[in-house]
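You will see chain A twice below: alongside chain B first, and alongside chain C after that.
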Partner chain A sequence: MASRQRYDFLLYGIFVAAILVAPLMLDEFWLNRIAKYLVFGMLGVAVALSWGYAGILNLGQGLFFGAGAYMLAMSLKLASPTSLQQGSDKPVPDFMLWNAEPGALTQLCCINKGSFIWLPFQSQWFGVAMGIVLPVAIATITGMIVFRNRISGVFVSIITLALVLLIRLLVIDAQPLTNGFNGLTDLAWLTIGAFQFDPYSRATYYLVAIALSLVLVGARLLVSTRAGLILQATRDDETRARYLGLDVPSYQIFFFVVSAAICGFAGMLYVMVSEFASPTFMDLSFSITMVVWAAVGGRSSILGACVGAILINMIEAKVSETKALVEVWKAVVGLIFVLVVLYLPRGLGGFAHDLLDRWRARNAEVVPDEGLVVAESRDAVAERG
Partner chain B sequence: MIDTMFIGLSLSSILLLVALGLAITYGAMGVINMAHGEMVMLGAYTAVLSRIWLDANIVMAIPIAFVVTAIVGLVIERVIVRRLYGRLLDTLLATWGVAILIQQAIRLEFGLSFFGIHVEGLGPGLQNVPVPAALQGTFHLAGVEINTYRAFIIVVTAALAAVTWLLLQRTSIGMQVRAIIRNPKMAAACGVDVARVNALTFAFGSGLAGIAGVMMSGFKTVFPDMGTPMVVDGFLVVVVGGVGSLLGSVLSAGLLGEINSVVAALKNDTIARAVIFGVVILIIVVKPKGLFSFRGR
Partner chain C sequence: MAATALTINGLEVSFGSVKAVNNVTMTIAEGELRVLLGANGAGKTTLMDLISGRTHSTSGHIHLHDTEITNWQEHRIARAGIGRKFQIPSVFRELTVRQNFEVASCRNPSVFANLGFGFSRHALARIEEVLAIVDLRDKADVTAAYLSHGQTQWLELGLLMLQDPKVILLDEPTAGMTAAETRKTATIINSMRGRHTLLVVEHDMAFVREIAERITVLHLGEVLAEGDIASIETDQAVRRAYLGSRSIS
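Showing the complex of A and B:
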């Protein structure tokens, strides 16, 4: 086990070093793109935590991503020049003016019913805080209802799926408040002190890369704590964990919330990098796509899921440069997905682990240390779940 | 009001046809088939293609679509789903991949578009199917004006639901399906050829979805992505109705279809779908097994 962890952290170190060194070889355009994919990598981490370690297939991760994105985007929208050029010293989002009833006060408080909820977002830090608080709050309430009622397996997937589609429709329907289908565009840059994070700059890239590194290592440490081990025990046999006297729902809620918080955080970073927030973040296909990334990378490996997300998106970006291949690539993703589920159920990460185990087992034969080999292969079996 | 209820009933009919297949495959085989919506889409495209190439109207397209989608369903079961029995969530993911493949196959005209060959009726664009004159317009029944095409949908669905019920309750293969729904291992131990029955069930369910697609093509635009919302809706019907319960699916399709059309009449379509999702979440939380579940212990 100890040596397995050593290998793991070596790999994590290599990955973190790679994303930190990458800017030396890339121009601004690619930095911005890669920053986006790193954000997707963070979503991979969130999926691996809830699906791989907790056994909860959340088909509504997009809800938390969208919540984080919208919260920050609301603040950045108010800070944007387009919101200030409306003949008033107080910012008002441009789309509200377009749709305002004649004679309405062009003030955030009362330009339309409900526009007052935008008031606190005049502070950028309120938006940043809400970007974590809102996903955590939604996840806590959902988690309490779902896991205290002992709802499990596919029913959790259906509830989360219905929830994300429900919220998506509400956001689209609340057009005066959210700009409906069009989402929030023309956003300002995030400002810390006097420094502005230009999405096409090294600074923004490093912010995303460092955030991803912290989340990645944090998640890896979290799953090897006692709580993480209990969670895996629950995933493998919920009833047994219950009979051992563990408060199973508490652990499930905790990891569900952590995963949601990571998604919310990723949503905020994505808004910074891509300068928009839209209801497509809450499309069913986006939430399932996240699961695809994690499955290809390896659901039971946090790093694997993260790398899977980044790799798939990088290949997609390369392929999409040729126009004729855009649609073909989608078909290839579908095919890869079918093949991975059929032949590599633990994804590329699991495949790599197996190779590593085999290689180490062979080395261990040279040094006659049978006990170690047996213990480790048992460990590998356990992880396969 | 009666008007709204009638529109709701025709929505329910489409939902039911989609859900029947899912109810059987999920109930009997423990497979979540995300490619089921693509069967609806393929059915609709069969209607488009048979109009263009065979000069066949919607009514004649129904049996063709049933055969085509049933065969596609059979192939999916044989090649992919068969290897995944007992891995519920994996079936969801693998069939999602299949769904993307089928969508892209239509969009790229089975790859022919690369060679510059264009098949009329395929490709990424929107398609339309005209309703035959006999099914257009309205007629009066007991003083109420009724849309003929919607009535046609309801009649076809009722007939197909009755046929499904008879197949399940009155034939030996139906009895085997019911045995598998109750307890697959015990059924296998009693000599039921589970693999064969599952393949046939899967094909039959896909065929029903194909018919739903043909009927949808009469009042909705046909395009490659049209299946995804259908599989979600169909699945919600199954879960609300209770896994493995045909009656449950019928009633919950009726319930959800009516809620949809009533709320849509009062507010708008977007809110109507949102209300549906809300109702479904509530029902799952309160009764996770669905309103009617006959699954064995």
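Showing the complex of A and C:
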């Protein structure tokens, strides 16, 4: 086992090194693109954690991604030049003004009925903090209700799916506050000190790459703690775990929340890179797409799910931009999914593990297996006795 | 007379109009190995469900030493000191044998206390001991799903040894086993004697003779007889209850 873990960390090291040297070979356009895919890789980590390790198929990961994205986007919207050009000395989002009732005060506090909730977002760091706090809060409450009541399996998927659609509807419906379908656009760049993160710069790429590396290694370490082991045990047999005295829901809630926090963090990074937040983040198709990434990459491998997400997006981009395949690129991508599910049911990560095990087994054959000899002689003794 | 480990007093539960367990009263002394006998539907498994918290009783009391544990949640009862083996072996199938044992050795149930790595030297030594007792040492790194039926049952017994509860409930530990496997199971259970108080549901009379001290016979949810193996085999009420079905031996 120990040596397998060593190989595992070697692979993680290779991956981190690869994403850190990648900018040397990329132009601005691809730098920005790959940064987006790295954010999706982070979503793969979150899905692997909850689906692969906790056995919780959350079909509403987009809710946490969206929550993180909107929180930061609100701050960046207020910091945007467009918000400062609305005839007030304090920032007011442009869309609020377009929709304001005649004679309304052009102040953030009272331009419409709910606009005051934007007030604290004048501080960028409030938005950043809320980008983690809000997903964590939603996940904690949902997790408590779901897991304390011993809801499991497909019902968790249905509840999370319904929840993301519900919140999406509310966000679209609250048009005066959220700009509805259009989402939040024309955002400012994230500013730390005097430094601005231009989404097409290396700095932004490195911010995303380092964040992903930390999340990746952090998640890997987390599942190899005792708590991570117990979590996998609750996935395999909740009842057994309960009868060993373990408080199963507290483990499920904890990892559900960690997964949500990672999604929220990813949402914020995505806003930085793509300069918008939109209700499409909470579309059902996006949450399901995340699950497909993890399935292709291998849900029982955190690195696998992460690489899966990045690879699929790169393939999609390449295929959809190849002239000969413009009409059929979706079919090509679909075919890849079908082939993976048919021939690699445990995804690319599982395939890599199998290869590694086989390679190690072949190396081990050279050395005579002492354990086997002992076992045989013991059997012989048992037969005589 | 040793102190009592488990006291059951006037325990009842009904499902609809059926009284599955009716006014059952029994006490089990510390360190005792008690066998529960009874035909299908006699209420043996239901009684175990009641003790371990899976089913809530409608009346009556259960005490573990001096603590009343009636109708607590399962994980609290488990932590109070009652372990249970299921009729259908229940282990963590996608973990290796050793990982199964590691999970069972986690003493502190809280998430945050378990955010560290590794196990104490004492815990690891105990895992090796148990691996030897249940004879799974050369399977330690095998995924539990690939074990044979008998090995899975022993793995579950090993989980219980590591959980180290005062009282262990075993529901048909030899179900589906070959004669050789049954014998090995008897050895394992005999090695648990003394460390734990055991309550065993079993049908296989050869096996019962090998392990039993005292036997309680349940019939239609009630205690029909209690005593050592010789007195049970000659008990008239027991013979009458089993008449029509096969004789119990």
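In this section, the second predicted complex is superposed on the first by the 361 of 385 C-alpha atoms of A that agree within 3 Å, B and C clash if a C-alpha of one lies under 4 Å from a C-alpha of the other, contacts with A are read in each partner's own complex, and residues count from 1 in each chain.
Convention: a residue touches a chain if its C-beta (ideal position, glycine included) is under 8 Å from a C-beta of that chain, and two chains touch if they have at least 3 such contacts.
Since the structure is predicted, the reported quantities are computational estimates derived from the model, not experimental observations.
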item	value
Which of chain B and chain C A:Pro345 touches, first, second, both or neither	first
First, second, both or neither for A:Gly193, with chain B first and chain C second	neither
Partner touching more residues of chain A, whether chain B or chain C	B
First, second, both or neither for A:Asn149, with chain B first and chain C second	first
Chain B versus chain C as contact partner of A:Arg242, first or second or both or neither	second
Chain B versus chain C as contact partner of A:Gly103, first or second or both or neither	neither
Chain A to chain C touching residues, read off their complex	1, 222, 224-227, 229-230, 232-233, 235-237, 239-248, 250-251, 254, 371-372, 374-375
List of chain A residues in touch with chain B within their complex	57, 145-146, 149, 151, 153-155, 157-159, 161-163, 165-166, 169-170, 172-173, 284-285, 288, 291-292, 295, 324, 327-328, 330-331, 333-338, 341-342, 345
In the complex with chain A, residue positions of chain B that touch it	32, 80, 83-84, 87-90, 92-94, 96-101, 103-105, 107-108, 114, 124, 228, 232, 235-236, 239, 268, 270-271, 273-274, 277-278, 280-281, 284-285, 288
Residues on chain C engaged by chain A in the complex (per definition of touch)	52, 74-75, 78-79, 83-84, 86, 90-96, 98-100, 102-104, 106, 109-112, 114-119, 138, 141, 159, 163
